[in-house]
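In this document, chain identifiers A, B, C, D and E correspond to the written order of the chains, with residue numbering beginning at 1 in each.
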Amino acid sequence: MPAPLLVPALLGVAFLVLPLVGLLVRAPWSDLLPQLAEPQVGQALRLSLLSATLATAVSLVLGVPIAWVLARSTLPGRSVLRAIVTVPLVLPPVVGGVALFLVLGRQGIVGRFLYEQFDLTIPFTTTAVVIAETFVAMPFLVISVEGALRAADARFEDAAATLGADRWTTFRRVTLPLVAPGVAAGAVLCWARALGEFGATITFAGNFPGTTQTMPLAVYLALQSNPEAAIVLSLVLLGVSLATLLLLRDRWLGRSGSPVA
Amino acid sequence: MPAPLLVPALLGVAFLVLPLVGLLVRAPWSDLLPQLAEPQVGQALRLSLLSATLATAVSLVLGVPIAWVLARSTLPGRSVLRAIVTVPLVLPPVVGGVALFLVLGRQGIVGRFLYEQFDLTIPFTTTAVVIAETFVAMPFLVISVEGALRAADARFEDAAATLGADRWTTFRRVTLPLVAPGVAAGAVLCWARALGEFGATITFAGNFPGTTQTMPLAVYLALQSNPEAAIVLSLVLLGVSLATLLLLRDRWLGRSGSPVA
Amino acid sequence: GGSTTDAASPADGTAAGGGLTGTLTVFAAASLTDVFTDLGDRLMADNPGLTVTFNFAGSSALATQVTQGAPADVFASANQTQMTVVTDAGLADGDPTVFAENVLAIAVPEGNPADVTGIADFGDADLTLAVCAPDVPCGAAAEQVFEAAGVTAQPDTLEEDVRAALTKVELGEVDAALVYASDVQSAAGRVEGIAFPEAEDAVNDYPIAQLSDAPNPEAARAFLDLVGSDAGQQALTDAGFRSPSN
Amino acid sequence: MSLRAHVVVRRGALLVDVDLTVADGEVLAVLGPNGAGKSTVLRVLAGLLAPDGGRVALDVPGGEVVWDDDEVHVPPHQRPLGVVFQDHLLFPHLSVTDNVAFGLRTRGVRRAAARTTAGAWLDRVGLAGLGDRRPTQLSGGQAQRAALARALVGEPRLLLLDEPLSALDARTRLTVRAELRRHLAEFAGCTVLVSHDPVDAMALADRVVVVEDGVVVQEGTPAEVARMPRTDYVARLVGLSLLPGQGRGTTVVLDGGGVVAVGEPAEGPVFVAVRPETVALYPARPEGSPRNVWPVRLVGATPHGSTVRCDLGGEVPLTADVTATAFAELGLVPGSSVWASVKASEVAVYPR
Amino acid sequence: MSLRAHVVVRRGALLVDVDLTVADGEVLAVLGPNGAGKSTVLRVLAGLLAPDGGRVALDVPGGEVVWDDDEVHVPPHQRPLGVVFQDHLLFPHLSVTDNVAFGLRTRGVRRAAARTTAGAWLDRVGLAGLGDRRPTQLSGGQAQRAALARALVGEPRLLLLDEPLSALDARTRLTVRAELRRHLAEFAGCTVLVSHDPVDAMALADRVVVVEDGVVVQEGTPAEVARMPRTDYVARLVGLSLLPGQGRGTTVVLDGGGVVAVGEPAEGPVFVAVRPETVALYPARPEGSPRNVWPVRLVGATPHGSTVRCDLGGEVPLTADVTATAFAELGLVPGSSVWASVKASEVAVYPR
């Protein structure tokens, strides 16, 4: 393996991994392991996994069609649309939370209507957590899936059309199965980003144990009073997500067979 | 275009765009435009663009080789490596900042050495901003580029080898030019994430106007006293990044010609 | 607290002579942004050779940075807990002094649409209410207040900092939030404040300290003096803080 | 006549303008070099590409259905089509049976029924027992048969085949070509077959249309096209030397200079076609009956089974097939000068 | 002998075990069906795939260089190779000149000098003036020529060609095949050519190795292989019917039953090969000289130029070429019973 690649690769891995190792070493495990057994931690972890998974599901339902429009349609202004979809990445998450209030809050454009007509309020509920995480994480999914769609061989879609499949059937029965690995990769990015989401969630959904307090919120609060507990909580979050990613890869990505792995 | 795709796509775009529109509408432009002319804003914007660009450059130098190792080498444990590289996405950024202290702070594993031997301190400098942004944003680049490498036709690399090119020459003169569009897409994701970075930066680099105060930090401070100014600042950040993305796409991505666009 | 221990400087904090030079680095809680920026400008006006830079962030982040060897001269915390982190690490030069106090106040959206009148309304489950989390100082204070008033609070969210609670009031998304009087003052025009007597049971102190590794100890002392001077206290009062009661 | 198509479409620098008619049960081959626009025409017929002009219509009992004209563009999934693509394009994520059943499922047939019908078609194309495999587990020939079954299972009115045999190895191609011929003979609808291989066209088609640079340059039965090529491209494909000239009774004055004696009198602009095996080579000017004797130069030589194909330059450019023995005896090397002779009765002549 | 290779390598279910030797200046063709392992052998020779066993060595003045054995594996970029890949694989991001210059640049030649040499090679392969184009702007034939120039520019000792002509249309293939022949004749090193097209092998190679299922099944000059095929695959490729049997003087008892009279006496296990054009068909049992007369059934028929190729089943399975007229007069349809006859002197017989 060429050194000019191996050396920066090793440096890069060290750069990403050393801080995690630092955390692992620094964490006062013996003191803190009992704390992990506290019901609040389990609750926050469950809520995190649940809401990140729901946010990923919503992102798939809304984001894959956006990616399809970006990759396959001939609408004008697609490059502007693509840039606009990328831009929420840049928005500081707290401002993202404020922006969500402006639309879905009690006084928001849509939220006011929901509140007055159906007595529905979205902020401060688990729904709000899912919405905040979706807002922040969906762009990652869209951009990954668009790439996968562009790379996929569109001639299979032609073949499906000549076999009587309209565009929707073609999408469902041909395109989607073909780009499944790309969609999976995008979903992983999206899920990871949602799992780590903090700013938009605390702003839009607030922080209430059991309904809106996800792990990153718990970590942040712990940082205020007990920084070492915060580190242990983060490591728990990391461990769970690492385990999930490895499990998924074997179970799900493995099947479609990446070319080299 | 099939409704089952178009309807969720429209919903999704509305979901991503409406909050931005809400911000645009809500911002008290007439009062606040003069504020934008303040030198601090220009300083923060310049620093943001500079550090996000440097972080992207560092991510390219370190991350592309990691992606190459993940996609092309036959090292065992690559799937674990890939999961580990994904995991920093999940780490709450503030904890990421703490973790960086553990490695590069004055008492950190590496930082102590740098301080004692060369009287070098990294935290609270522009370098620290770049490092914090790189730590948070590089995983996006790695995952995108790995996807592009897997999708690229490895037979061109075989052809280069039979023409006397060793693996490094092959990488430089064949692989890299071939996956340039994928690298560009990854760099865009990475740049956008770095531009929006807040938590790790304020923790590891501090919030010093002119040296470490990037736009998201300025937005955070503005939120303390004048939330509407904060919104305007965010929109400025959005506008600049939107303009950059569109410009880049035309100048740079456009050349390699995406299949449909 | 209230006065500097080693009374080395003249009163009124005008740092006579204007001979300070170099850079003064102040780490201060984000809630002090406006006041301290103003005081820094004054110090620079009196000492043309001096540059004052601020690092405003959450007190806990600042405490972490100071313990990690940040090149700071002065640390002003929004609570004693985070100052203790610094003093326990032996990084403060002398004892910290309390330069301001803050008491809780009820913030309601303009026009007070839910007709909140006092602390007792925080026991109303039908209202949408924001309170700080117990892990942060304003949350600890809120718990004391509720206990004193005999209210079983029914909050919808336990905010991780006061500012987040205040933002929700400003946007009209909660009917009331328990925040600091200084926050109500800073958001004047966007929120209305309601004072209540039980607030006196949980007064929050703002301590300030010069750091032992301060690169510019003279300027640090001058800044501490300025904060403690009448002019400094007046600026703090204008921002909704109280002078230390003792 | 059942399919009537006038296809006008621009592709980059190429303007395609082609007229086709195909009767029910007829197989029309579109023959032409790479880039001539063959696949483009096929894509228009399939509805995958909207033409820039022209008209595509299918006769049906009691009228016609317009698929493309200035106002109408019927999308591909609403055309009763079957298409076999060059790279077969079997869906990699479906089993062979599900690939074949796909067209039935999209048309509303229930899963079990569709699979049964698909199974019957797999039997017909000789793939019984392979239905559970993935396409990647099939050989090239098997994949092509599966693609044919997939195209035919929906009982299309129009069958389109784009280079159906070109991805196969020489041996498999022989077998699959013979099978395809059988299936096309049984197929009741119109068939359009695109190929650049004259053997495919000759073996499979009732009629051939030769397309070059987007326009039709020749049309006729395979035998006509093979016997009387009208362009150099077709002539080389069928292994003839084609010489344009002016008929003057039983001699033709070639446009490139030179005179050819022909068996049948001809007047005006004509083509002269010479079969390589009728050309004899001599080291010196031969005496005897052949009226056509020309000095030529050997340009290149390629062994071809037991004969050697010689490319000859000179006033009358020709190709000659001589036995390897004769070639060796003549001691020919590129650049050698020899005499070529052809009997006038062996030279075909037909109007341009 | 210059290249000596014994390649043992497992690919999925296939075990490849092939012995090859190629002399300097010699062109060896490796012929075989899809999936036989041809490309695998080529990849091992190129160093792109490390073999599981065997040995690859190149003779050089004063000894030999081992490229692969149990201890050694020389990576491809250190072997003096040129490879022409099936899909040409010209680098899409470089101009044609830069593609050709690539191999010189990697070997340290300066940019200007490399481009000059590349330009000279482009002239040689007839691409003068196209050097500034991108590969996508070349036709298939031009791309293949550029790929050849790219492979030859570094003056390799070993030239490897994988199906160099299979991506070309029939017409272009004729031209490029003739050119390739000329270039190979000029090339001083060893050449290994992989193909599944017997015409390529016959036209380009000095010697042919037939590989099936990873092993060599026949070896010889193109003429030998064409005349005396040893497997059904080769026989069908060269258009012969191959019948294994036991020689008993001038008759051969076929393994599948049936007896064939042959011209030359043979004993023991032999192959009998029958050329389709020597088989005559009759509606009724013919009287006359041919000693071989068998009842057969028509299995399939494919027109082929002016003749029709008939596949015949029965005790003695055969292929017969009859004229279209004769075919029509016999009124043959699949399933018809006819009599086939061949003169004993037309039947080739050779030991198994």
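In this section, a residue touches a chain if its C-beta (ideal position, glycine included) is under 8 Å from a C-beta of that chain, and two chains touch if they have at least 3 such contacts.
Remember, predicted model here, so these are calculated numbers, not experimental data.
Visitor: Identify the chains adjacent to both subunit C and subunit D in the sense defined at the top.
Guide: Touches both subunit C and subunit D: A.
Visitor: When subunit A touches subunit B, do the two copies use mostly the same residue numbers, with over half shared, or different ones?
Guide: Over half of the interface numbering overlaps between copies: same.
Visitor: Cα centroid separation between subunit A and subunit B, in whole Å?
Guide: That gives a centre separation of 16 Å.
Visitor: Whole-Å distance, subunit B centre to subunit C centre, using C-alpha means?
Guide: Comparing mean C-alpha positions, subunit C is 34 Å from subunit B.
Visitor: Suppose each chain is reduced to the average of its Cα coordinates; what separation in Å results between subunit B and subunit D?
Guide: About 55 Å separates the centre of subunit B from that of subunit D.
Visitor: Would you kindly tell me how far, in whole Å, the mean C-alpha position of subunit C lies from that of subunit A?
Guide: 36
Visitor: What residues in subunit D touch two or more of the other chains?
Guide: none
Visitor: Got the subunit B residues that touch at least 2 other chains?
Guide: Within subunit B, the residues that touch at least two other chains are 94, 98, 166, 220, 223, 227.
Visitor: Specify, in ascending order, the residues of subunit C that touch 2 or more different other chains.
Guide: In subunit C, the residues touching two or more other chains are 64, 167.
Visitor: Give every touching pair of chains, nothing left out.
Guide: Those chain pairs which touch are A-B, A-C, A-D, B-C, B-E, D-E.
Visitor: Which residues, counting only subunit E, touch subunit D once they are in their complex?
Guide: Of all residues in subunit E, those touching subunit D are 33-35, 139-140, 168-172, 174, 177-178, 181-182, 196-199, 202-203, 222-223, 226, 233, 236-238, 300, 302-306, 311.
Visitor: Along subunit C, where are the residues that touch subunit B in the complex?
Guide: Against subunit B, the touching part of subunit C is residues 30-31, 33-34, 53-57, 61, 64-65, 68-71, 163, 167, 170, 186, 190.
Visitor: Give every residue of subunit B touching subunit E within the complex, in rising order.
Guide: Interface residues on the subunit B side: 155-156, 158-166, 169, 173-174, 177-178, 180.
Visitor: Enumerate the contact residues on subunit B facing subunit C in the complex.
Guide: 94, 97-98, 101, 105-107, 121, 123-124, 202-203, 206-209, 220-221, 223-225, 227
Visitor: Please name which positions on subunit D make contact with subunit A in the complex.
Guide: 43, 46-48, 75-77, 79, 81-83, 85, 87, 89, 91-94, 102-103, 105-107, 150-151, 154, 160
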